[in-house]
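Heads up, there are several structures right after this.
Shared between the two complexes below is chain A, which has chain B as its partner in the first and chain C in the second.
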Partner chain A sequence: MKMKNSLYIIIVGCGRLGSYLANQLSRVGHSVVVIDADEQTFNDLSPDFSGFRVVGDATRIAILKEAKLKQADVFFATTHWDNVNLMVAQIARKLFHVPHVLARVFDPHREEIYKQLGIETICPTSVAAEMFLMAVASGKAGEGKKQ
Partner chain B sequence: MKVLIVGSGKTVYFLCKSFTAKGYEVVIINRDHQECVQLARQVSATVVCGDGSDANTLEDAGAMYADAMLAITPNDQDNLIICQLAAIHFGVPRAVALANDPENAEVFQQLGISAFSTTHIIGNLIEQRASLEQVINLLPVGEGRVNVTEIHLDEASPVAGSALSEVTLPKSALVAVVIRENQPIVPRGDDRLLEGDRIVIITLPENHEQVLKIFTGSRK
Partner chain C sequence: MKMKNSLYIIIVGCGRLGSYLANQLSRVGHSVVVIDADEQTFNDLSPDFSGFRVVGDATRIAILKEAKLKQADVFFATTHWDNVNLMVAQIARKLFHVPHVLARVFDPHREEIYKQLGIETICPTSVAAEMFLMAVASGKAGEGKKQ
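Here is the complex of A and B:
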């Protein structure tokens, strides 16, 4: 089933995050391509996943081309390696001009530097830290405090 | 000159030896603790154990005072990020990355990082050595779209003695310089090519073979 405004979405890395995103986005009707070097990870895709799977190392441009990077509307880099995510995100954004590129970066220092380079990143470490701190600030963490 | 090298194995060891022999200050960054201990014993360089793509490690290694960064790990993504961190975050004036995948050499260049591919270099060297001995030097420029070739004109060259205007070259080929008795001459049509000259020609990959044949003649 194709939506009228279906997007062409490439997801690099089919781990917990990548496969979750792929399943959700495919379910609502987008065209999804998942790239992972390990074929086994595709087992995490749900049975109704209707997208494509590309087995290979995404830091090789040949693999990205195989996934038709040129046509992508959205590009997510979700592998467990910051450097892989940052490299492929830069290729997608700067060389193939994909309109929407997001990279997961665990190291907050690295995240900051690449923000300056115009690469949009999500840092799970900072996001989690932010939520923990908010819990403290809102007083929730203090509710059970011993008197 | 202070040089940072991120990488492992014999390449790092020998590079480090040759750099320190030239009087450079060398810092090696390596992730493997055991290899670091061994390197520290073998070379007169500072060895920092850590992830070269981590800003803290680079700071420990003194990246802000470095003149050059050389990233030669087996992982292209690491080499790229290491060089970008060095260049952008620490202002290292020269950062060079190894592209293990030859196609990534061009990718890195487009992302603003100097890169080299050993596959390219070795491939070119072998081709150069294996080809005609009259070809002294071959340098691909413009991402390999243009060849600059130096040729020695010996007695068998069919063009020795001819004026340049008598030599018919295909479109998009040019004799840029004639080197005669160590003097470079930028030739005009009425200049003659002589035996013993070294000439520098500019060709495109598609007409390269054809142009070489014009100057060296057909031979095996």
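Here is the complex of A and C:
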């Protein structure tokens, strides 16, 4: 049963991040397709995951077509390889005109380049860094300061 | 020159996260010591990094003592290995009573266990996941929804 605002969401990479997103988004009623070259990774999908699994290399157009990329509202690139994420995100955005494309990028130095290529990114390293710095800046870290 | 609220900060791991934190915190005037077993990683420290570098395995007490762990106000465990981060964070917190200890943990399932062991954690995977989910929930992802 499709909920009213159900989106068609493709997630490339079924690692910790990809499987977590797939489980959560499927649970709230979105149509989710997960693509991963390694079938084993699908073991991290929860038993009530109601989406589809596609085994294959997402940098191959045939695999993306199998996932019905054309119909996607949202496309997440979450593999462990920045280059793969950038490539599949660009295919989704530029060739298949998926309205919302988001890629994980590990190397903070690449964020700017990706932005210039029109790809929205989330960099866990940068986000974690901000959180560590906030812990120091908030003064929390200074409370017990040794003299 | 030490600024008034300068903290003594030890960072274990000089990868992307560790080196970024070291550069930022040194720049604003904190006393920073970075520990890494691989001397090469120190190349990521900026030329104006004014802190100290300690080459060695931070799970060895001798290395932590060399970094003057006793004097630390803040201790960050940022290596790529969850187990190493947990171990050194516990040493800093329980044995050396460093007031503020924060560890990076990649596996979200471990966050809860670490919390029970009294170690504050930052999980880049969880943070990134929340940001992806927010992108969907904010409706931004639905704006261009295909019919």
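Heads up, the rule we're going with is that the second predicted complex is superposed on the first by the 146 of 147 C-alpha atoms of A that agree within 3 Å, B and C clash if a C-alpha of one lies under 4 Å from a C-alpha of the other, contacts with A are read in each partner's own complex, and residues count from 1 in each chain.
Note that in this section a contact is a pair of C-beta atoms (placed from the backbone, for glycine too) under 8 Å apart; a residue touches a chain by one contact, two chains touch by 3 or more.
Note that the structure is predicted; figures quoted are calculated from it, not measured.
By the touch criterion stated above, A:Gln116 is placed in contact with chain B alone, chain C being left untouched.
By the touch criterion defined above, A:Asp107 reaches both chain B and chain C. In the superposition on chain A, contact is made by A:Ala135 with chain C only, not with chain B. Touching more residues of chain A than its counterpart among chain B and chain C is C. After overlaying the two complexes on the shared chain, residue contacts for A:Asn5 are found with chain C alone; chain B is out of touch. In the superposition on chain A, contact of A:Leu95 is made with chain B only, not with chain C. In the superposition on chain A, A:Pro124 contacts chain C only, with no contact to chain B.
Within the superposed three-chain model, A:Pro47 lies out of touch with both chain B and chain C [touch as defined at top]. Residue overlap on chain A between its contacts with chain B in one complex and with chain C in the other: 107.
The touching residues of chain C, when paired with chain A in their complex, are 5, 7-9, 16-17, 20-21, 24-25, 30, 71-74, 76, 78, 99-100, 102, 104, 106-108, 120, 122, 124-129, 131-133, 135-136, 140-146. Against chain B, the residues of chain A that register as touching in their complex are 59-62, 81-84, 86-88, 90-91, 94-95, 107, 109-110, 113, 116-117.
By the touch rule above, chain B contacts chain A in their complex via residues 53-56, 75-78, 80-81, 84-85, 88-89, 101, 103-104, 107, 110-111.
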